[in-house]
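Here's a structure for you.
Just so it is clear, A, B, C, D and E label the chains in written order, and each chain counts residues from 1 on its own.
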C-alpha cells in the first residue's frame, strides 16, 4: 500500500475533529452511540498514526511526510506539518492514550457525555497538532487549542474544587503561552527584517538556520522557556499540577499527565534549542538547577501527600525534572533519555491515574489513610497497580528505567555531582511509592473498605482493556527501548548539532 | 458731536473702552452663572454674558455671528434652559449646597487651566495679522456656506433633526414604569460585605 | 488692546476656565449644562477671533462659529431632555444624588 | 554453530556452542516461564501450585550442572569463559548496551550454589508452604527470584548486572512481604527494598562513572581497556578509588554491610525458605560476587580494598555481637549471616579473593541448611520463633536436629567440615598479607560465632522444653519434602570443604578461579608464600580451632548439650553483671532507633516542611499574585464613585496632566 | 456633482435616508415595530451591498477608483470628505455594527414597551455620524460628525427613560461627553488658529514644515494637541478619561450598551485616524509618549477592575476599556515606527483589524446578555448565567465563543486581532514592544474574568426555578452572524487573509 501521496498528517490531526462534528449531531439521549463513536474515532486516529510507521525512515535527516500550504501569505504564515522521530513517538503516544482515556471514561462520565467526548476529541486535535506543526504560528494555535477543552474537562467533569483548579490551570498556562506568542512574533519579525520578506518568517525549518541576535535570543528563549516550563511543569511553576490532577476526571488526569506535560518537553527540544542555541547555553545552568530541585523536591513532597492523585502529581513533577535535566545538558544520551522518559512517564503515570481511577470508581475516595489491604479483595488490581508502581520507581526491565538511566548517564558526563544529587530520587521514589503501595494494598482490609462490601470488585474487563496495552508497552519499552531510541537517534543528533555540543562550563 | 479720538485720562481708544466694558460684563456674568445661589438668576446672568459676547462678535467684524448669537443663544437656548430650570425645581427648593464638596478642587483645576492657557497664548506666535476692515461680509460667508460648507450644513441639519427626535422622545411624559420591569441589579448601592471568598485565583467566584 | 488677537484669546481662555469651574463645582445638572454653554461660547469667541486675525481663516471663523452654535443648540436640546427624563425618575436635579451605579 | 552471532564488530567475540547458549538461555527462560505461568494460572492449581515451578528449577539445576561441568571440569570455554549476545538492548548513540551473557569460572562457582540451594529450597517449600493459601504466589515469586539471580550471575556487562541486581531486590521485596497482611512484613519488605536502593544508587553512579571514564560497560572490554587508560593517564587513580567505592556501595546494600545492614534481620519476616535461599545463600552474596567480578578494578585501587576490609570486619564483629543475645531463632541466623558476609568482605579487602568466594560457597550451603533447619523447627512448634519457647526438641525432630548440628559445626569451623576450610583460609590470608588487625578481630568473631551458634542449639534442642503446652503434643518431624533437602544440604556442608579446599590455599577452587582473579594477583603481587602446615599456618589453624572450641564449650556450659542441662541462673548473673553491653547487643546497637529518628522523624519533618513550603510559599506566591491583582482591582474600582462631579474632576486633572506633559515633553 | 462624487456619498445618503424614512413611516404607520425593523435591516443590508459595490476595496473591487474620491478639493489637495479604502472599510464595520445592534435590540425593546422607530432612527443617525468621521478630511466636518455620533448616543443611553439607571447613565454620559466635546473643540480651535486651515491636508503640510524645522513645538500647538488628546481619549474611553464608561454601559438598555461599546469607540478611532494620523501625523513623535502611557494604563486598569466585577455589563464595560488599550497599542506601533517604514502601516492595519473584529465579537457578547434579559427582571449579575449551557445551548456556545475570542484564544478571530497588534508592536520595537508584553500579561489576567462567565454557564448549576430562556428570531440571526464571523475569520484562511488585506489597504490609503 503506497501511502506516501496521502496527507497522512492532516488526516491524523483532523480525524478526531470529524468525529467531534459527528458526535455533535448525535441526539443527546443516544449515549451509547456517542461513546462508541468517540472510541471509534480515537481508534481510527490511532490506526492512522500507526500507518505513519512503515513509511518512516529513521535514518533520514530532516522532516518527513511534510505538507505545506499557504495560510496567511501576507505574513508568510503557512500550514506546514511534518514529523521526525521525536514527533512520531509522541504522536503515537498521544493517539494511544487518547483511545484508552476515552474508553476509561465510559463509566465515570455520567453527565453531559456528548460535550465530554467532543471536548476530548478536540483536545486530541490540539495535542497532535502541536507535535506536528512546523510553522511557529500554527504551532502556537494548536498549543492554545489544547487549552480550552482541558479547561472544560477539568471544570465541568472535575471534583469539588474544580473551578479553582481549572482557572489556575488556564491562567497559568496562558501567561506563559501569550508571552511565547510575543516571542514567536518577535522572532518572525527579526527574520523578516533581516531577509526583507515575510516568506518563511514562521517556518521552523527556515528559522532554525537563522542566527538570531543574542539579546533577542535571550529574551525569546525566556518567553518560550516560561511557556514550556509551566507546561512541563518545572519547579517553581508546578503548583497548578496537583490541583489540576486532583480535580480532573480520570481520563483528564491521564491525558494531562500522559500528553499535556510532554508538550513542554517537546517544545524545549523542538523549538527552544534549535532556534535559540546561544541563549540555551546561557539559560541551561539555571534550568539544570531547577530540574535538580524539581526532581528531589517533588519526590520529598510526594512522600507526605494524603491523596493518591496528589502523590502521583508530585511524582510527575519529579519525573518531569528528569526530562528537563536530560534536555538541557545537551548531550545525546541525556536527550534521548529525556525523550524516552517522556514516553514512559506518559504511559506509566497515565496508567497510575487509571489505577487511581479504578479505586475512585468504587470508593469515591482517594485518601490514602482510608485505604488498606486491597490485595486481598482485588488481587488483579493490586498486581497491576504494583506493576506500575514499580515501573514508576524506575525498576530495570520496565519502561521507566532506561530513560532515567540515560538521563543520569548524560548528567554524569556533565557533572557527577549533579548526577549524584538527581539520583537520590532513586531512593526517594522508592520510598514514597512503596509507602503508598504498602498503605493502600498491604495490611488488613481497612474499615472504610470493609464498609463497601461487595462493591469492592476487582478490575472489570473494560478496565483491563485500558490497562493491558499500557502494561505491554511498559514491558516492551523496558526490554527493548531500541524501539524508541532508534527513531529518535537522528533527530536528537540534529538538535544537538544545532545547539552546539555538550554544555560546557563550571561543574565538577 | 464728535467724540475724542481717545478716552481722556486713560488714553484708550473707544474700541478699547467698549472691549473692557464688554469683557467685564461677559466675565462678570459668567462668574455669576457659576457661583450664583439662585439657579434662575444664573440663567439670566448667562443671557447677559452671551449678550456681551455678541458685542465682541461685532467688534471682531462678524455681525452675522453676533446676530446668530442673539437669536440662537439668547432667543432659543437660554429660554430653553430657563424652561428646564422651572420644570425641574422640586418643592424642596434649591439645595443649601450650591457647590459640590469638591468646589475647592474645581477652583484649583480651573485656575490651573486658566494659567496654562494664558501662558500658552502669550508665548505662542500665532500666524495673525491686524485685520483691516470687515474681513468677511455676509455675502462672502453665504458663498462659503453654499460651496465648501454645504456638506457641513447638511450634516448639521441631520444633527438637529436627530436632536429633535431624541429630545422629543426623551422629554415626552409617559406613565411610570412598573417596578418589576426596572433593571434589577442594584447591589452596588447597598454594598454587602464581601462573601466568604476562597483564597487565590478563584477568589472572586461569587455565590 | 481691542486690536490684538491675544486679548481675545485671553478672554476666551478666562471664559473657558470659568465654565470649567462651573462644570466641576456645580451640583445642579442644568447649571452644569450652562457651564458647558459658557465653554462652547468661549471656544466660539476664540474661533471668531482667529477668523478675524488669521488671514487664511477670513470668513471661515465666523462660519464655523455658526456651526458650533447649531451644535450647541442640539446639545442643549438633548441635554435638557435627558435632565427632564431623569428628573421624572429621581425627583431631583442634583447630579451628586445620581449615584446608583458605581465602582 | 552458535545461534546468536550477529554481534557488532566491537562486541565481545561470541564463544560457546549453540547447545551451551541454549542452556544459558534456558537457565533464564525456564524460571521466567515458570513465574509467568504460575502467576497466571497458579491460583487454579490449588495445592499443586508447585507443579510448574519446581520442575522448572530442577531442569535448571541439571542444565546448570552441565554448564558447570563444561566450564570447570572440561574447560570447554578456556580461561575467558563463554560469551554471547542475545540482542542490542539500549542503542543510544555511542552508548549502547547489549543483553549479553557470559559463563566463566566465577559464574560457574556461583551457579553451583545458586542452582543447588535454589533447587533444594524449591523442593523444601512444597512441604513448608503446603498449607498456605498464597502458595501459588510464593512459587511464582521464587521462580522470579531464580530468574533474577541467574541473570545476575550470567550477565556480561555492568548494566545488565545492575538490572538483575534490582530484580533480585524486587523478588526479595515480594517475598519478604509475602504475608502482606502482616504490617511488620510489609514494612520489612519496604525497608529491604529502600535500603537496597541506597546501595544501588552507588552502584548506578559507579556504572556511569565507568562509562564516562572507560567508555564501555562490557566486563571484558572494561577490564582490557583499563590498564592502557591508567597508564596513559586518561584515568586518574582517584577515579579508580571512586569507582570502586561506588561499586562497593552497591555491594554493601545487597550484602547488608554496615551501615546498610539494617534490612537483613527484618527480612526474616519472610517465609523461612526465602530466608534460606535469598537472605543466606544467594542474593546476599551478590555483593561479594560483584566485588569479585570487578576485581581488575579493585586491583587498581588498594585504598578502596582497605575500606572494603574495614567495613567487612566491622560488620563481622558488629553482627556477631548482636547475635549473642537475640531470642528469635531466625534473627540469630540472620545476624550470623551478616557476620559471615563480613568475613567474606574482609577477605576481599585483604586481597584474598579466592577464600572469599570459597567461603561464599561453603556458607551458602551450611547457612541454607541452618535456615531450612530452623524452618523445620518453626514448622514443628507451629510457627513459634522465640527460642525461649523451645527446648528439648532433639528427641522429637531428630533429622532436623542432626542436620542442624552438622550446619552448626560447619559454621563454627570445626574440621573437617566445610566452614573450617574457608574460614581458616580467610583468617590465615589476612594474617599473612599483613592485616593482623583483621585477623585479630576475625578470631574474636570466631569465638563469638561458636558461642552464639551453640547457644542457639542449646536453647532450641537441648534442656527442658519450654514449648507452649498446647503445641507440645503436636510437635512432629517435617514431611519428606522438607527433610530430604535438609539431608541433601548437610552433605555438601560437611564435605565441600574437603572437596574444594584441599590442599589449603591451593585447592580445586583455587585452580578454578585463578584465571578470573589473575589481574588482581598480578597487581597486588602476592601469593608467593607457600602453605606450611607446621609453620605459621599451623599456628593460625590451631588458634581458630581453639577459639571455636572455647566458644562451643562456654555455650554448652550455659545452655546445655544433649542431656546436659542449661544454667539459667548463671546466664542471668552474667547478663546482670554485663548489663550495659547486654542491652546494647540485645537492642542491636540501637540502629533501628537511629534510622527511625533520622529517616522517619527528621525526614518526615523535612518532607512536611517542604510541603508546607509548597502550599504556602510557592503556591502562596501564585495565589498571592492573583490576590494582588484582585486587590488592586478592588482598590481601583473605588475610583468609580458614581458621582459625575468626581469623574469630571478626574477628567480635568487628566487634562491638566496631559497639557503639562505636552508642554514639557513636546519638542 | 460627478457620478463618482455621488457614489462616494451614496452610503452616507442611504443611511441618513433610511433614518428619515423610519421616522416618516412611524408617523404614517405608528406602532409597526416589526415593519420598521425589517425595513431598517433590509436597508442596512442594501447599504452593505452598496458599499461593496462602490468600493474602493482591495484588488480593485468596487466602482470607485483605488485612490478614492474627494469632494470639494481645495488648493491643498484636501477635500472635506473622502471615500477611499479606509472609508469603505470603516463604513462596512459601522454598518455591520448598526445591523447587529438593530437585530439585537428588537427582541429586547419589545417586551419593555420601548418603541422601535425612535431607536432605529437615532441609531442610524449615530451611524451616519460615525461614517462622517470615517470619511471627513476637514476639521469642522470631523467635529460635526463627532457630535452627530455622540448626541444620538446620549439619547440611546437614556432610551429606557422610565428606568432610573438608564437615565442616570445617560446624564453622566451626556454631561461628561459634552464637557469633553468642549475641550476637544477648544483644541480644534487652537490647531485651526495655528495652522490657518480646516483642511486636513493643509494642516498636515503646515505641521510637516513645523516638524521639519525641528524647533521646539509652539506652546499653542502643544496645548491644542493636549486638548485634542484629552477629548479623543474620552471618546474612546481611555484611562483616566474612562469614568463614564462603566456607569453608562451598566445603565443603558443592554443592546444599547452593546452598541455603545463598539460604535462610538470604533468611530472615535476613525476620528483618531483622520485627525491624528492624517492631520497631525507630522507631530506623531510628540503624541506617541501619551499614546503609550494611555495604552498601558488603559488596558491594565480595565482588566484589573474587570476582574472584580460581578455585574456582567460592568465587567464588559471595563473589558471594553481594556480593549481600547489594546487598540491604542496598534496606534502606538504606528506612531513609534519611522515615517514611511512598513511598521507604520502595520500598526494601523492591526488597529483597524482589531476594531473590526472587536466590534462584532463584543456586540455578540452583549447580545448574549440581552438575550438572557429578554424577559424583564433578569439581572445583569454574572450569576444569572449559571447553568446557561444547559438552559440555552445556543446562547451558551455563542457566549463561550465570544469570551474565548475576547480572551484571544486561537483559532477565533479575536486571536488574530491580538496577534496582528503584537506583530505590529514588536515590529516597531522599543517601548511599544514592551507594550506588547504588557498586553499579553493583561490578556492572561483578562482570561480570568472571561472564563468566569464560562464557569458560570457550564460549571455551575442553574438556580432552582430558573426560567427557560427564549431567544428571539432577530437576536438569533444576529448571534449566528456574529458567531459565524468570529469563527470564520479565525479558521478559514482565505477569509482571514481577505479581512487582513482590507485592513492593510485601508491603512495604506491613509499613509
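Note that contacts are C-beta pairs under 8 Å (C-beta built on N, C-alpha and C of every residue); 3 or more make two chains touch, one makes a residue touch a chain.
Predicted model only: the values in this text are computed from it and were never measured.
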item: Shortest path length from subunit C to subunit D (each step joins two touching chains); value: 1
item: Most central chain, judged by mean C-alpha position against the global CA mean; value: A
item: Farthest-lying chain, centroid of Cα atoms versus that of subunit B; value: D
item: Contact-richer chain pair (by C-beta pairs counted) among A-D and B-C; value: B-C
item: Chain whose Cα centroid lies at the greatest distance from that of subunit E; value: D
item: Separation of mean Cα positions, subunit E and subunit C [Å, integer]; value: 26
item: Distance between chain centroids, defined by C-alpha means - subunit A, subunit B (Å); value: 66
item: Rounded Å distance between subunit A and subunit C, as computed from the means of their C-alpha atoms; value: 65
item: Interface hub residues of subunit E, defined as touching at least two other chains; value: 140, 144, 147, 151, 154-155, 158, 161-165, 171-172, 175, 179, 183, 190, 193, 196, 219, 221-223, 246-247, 250-251, 307-308, 445, 448, 452, 455
item: Interface hub residues of subunit C, defined as touching at least two other chains; value: 9, 16, 19-20, 23-25, 27, 29, 32-33, 50, 54-56, 60, 67, 71, 74-75, 78, 81-83, 85, 88, 95-96, 98-103
item: Per-residue multi-chain contacts in subunit D, two or more chains; value: 622, 626, 630, 637, 640, 642-646, 648-649, 652-653, 655, 659, 663
item: For the subunit E and subunit B complex, residues of the former touching the latter; value: 16, 19-20, 23, 71-72, 74, 80-81, 112, 115, 118, 121-122, 125-126, 128-129, 132, 138, 140-141, 144-145, 147-148, 151-152, 154-155, 158, 160-166, 190, 193-196, 218-223, 250-251, 307-308, 310-311, 313, 376-377, 379-383, 448, 452, 455
item: Residues of subunit B that touch subunit C when the two form their complex; value: 12-13, 15-16, 18-20, 23, 26-27, 30-31, 33-34, 39, 42-43, 46, 49-50, 53, 56-57, 59-62, 64-65, 68-69, 72-73, 76-77, 80-81, 83-85, 87-90, 92, 94-95, 97-100, 102-103, 105-107, 109-111, 113-114, 117-118, 121-122, 126-131, 135-136, 140-141, 144-145, 149, 152, 156, 159-160, 162-164, 166-171, 173, 176, 186, 188-189
item: Touching residues on subunit C, where the partner in the complex is subunit B; value: 1-3, 5-11, 13-22, 24-31, 33-35, 37-38, 41, 44-45, 48-56, 58-63, 65-67, 69-78, 80-85, 87-88, 91-94, 96, 99-103
item: Complex contact set, residues of subunit E against subunit C; value: 140, 143-144, 147, 151, 154-155, 158, 161-165, 167-172, 174-175, 178-179, 181-183, 185-186, 189-190, 192-193, 196-198, 246-247, 250-251, 314
item: In the complex with subunit D, residue positions of subunit E that touch it; value: 171-172, 175-176, 179-180, 183, 214-217, 219, 221-223, 225-227, 229-230, 233-234, 240-241, 243-244, 246-247, 283, 285-286, 289-290, 301, 303-309, 445, 448
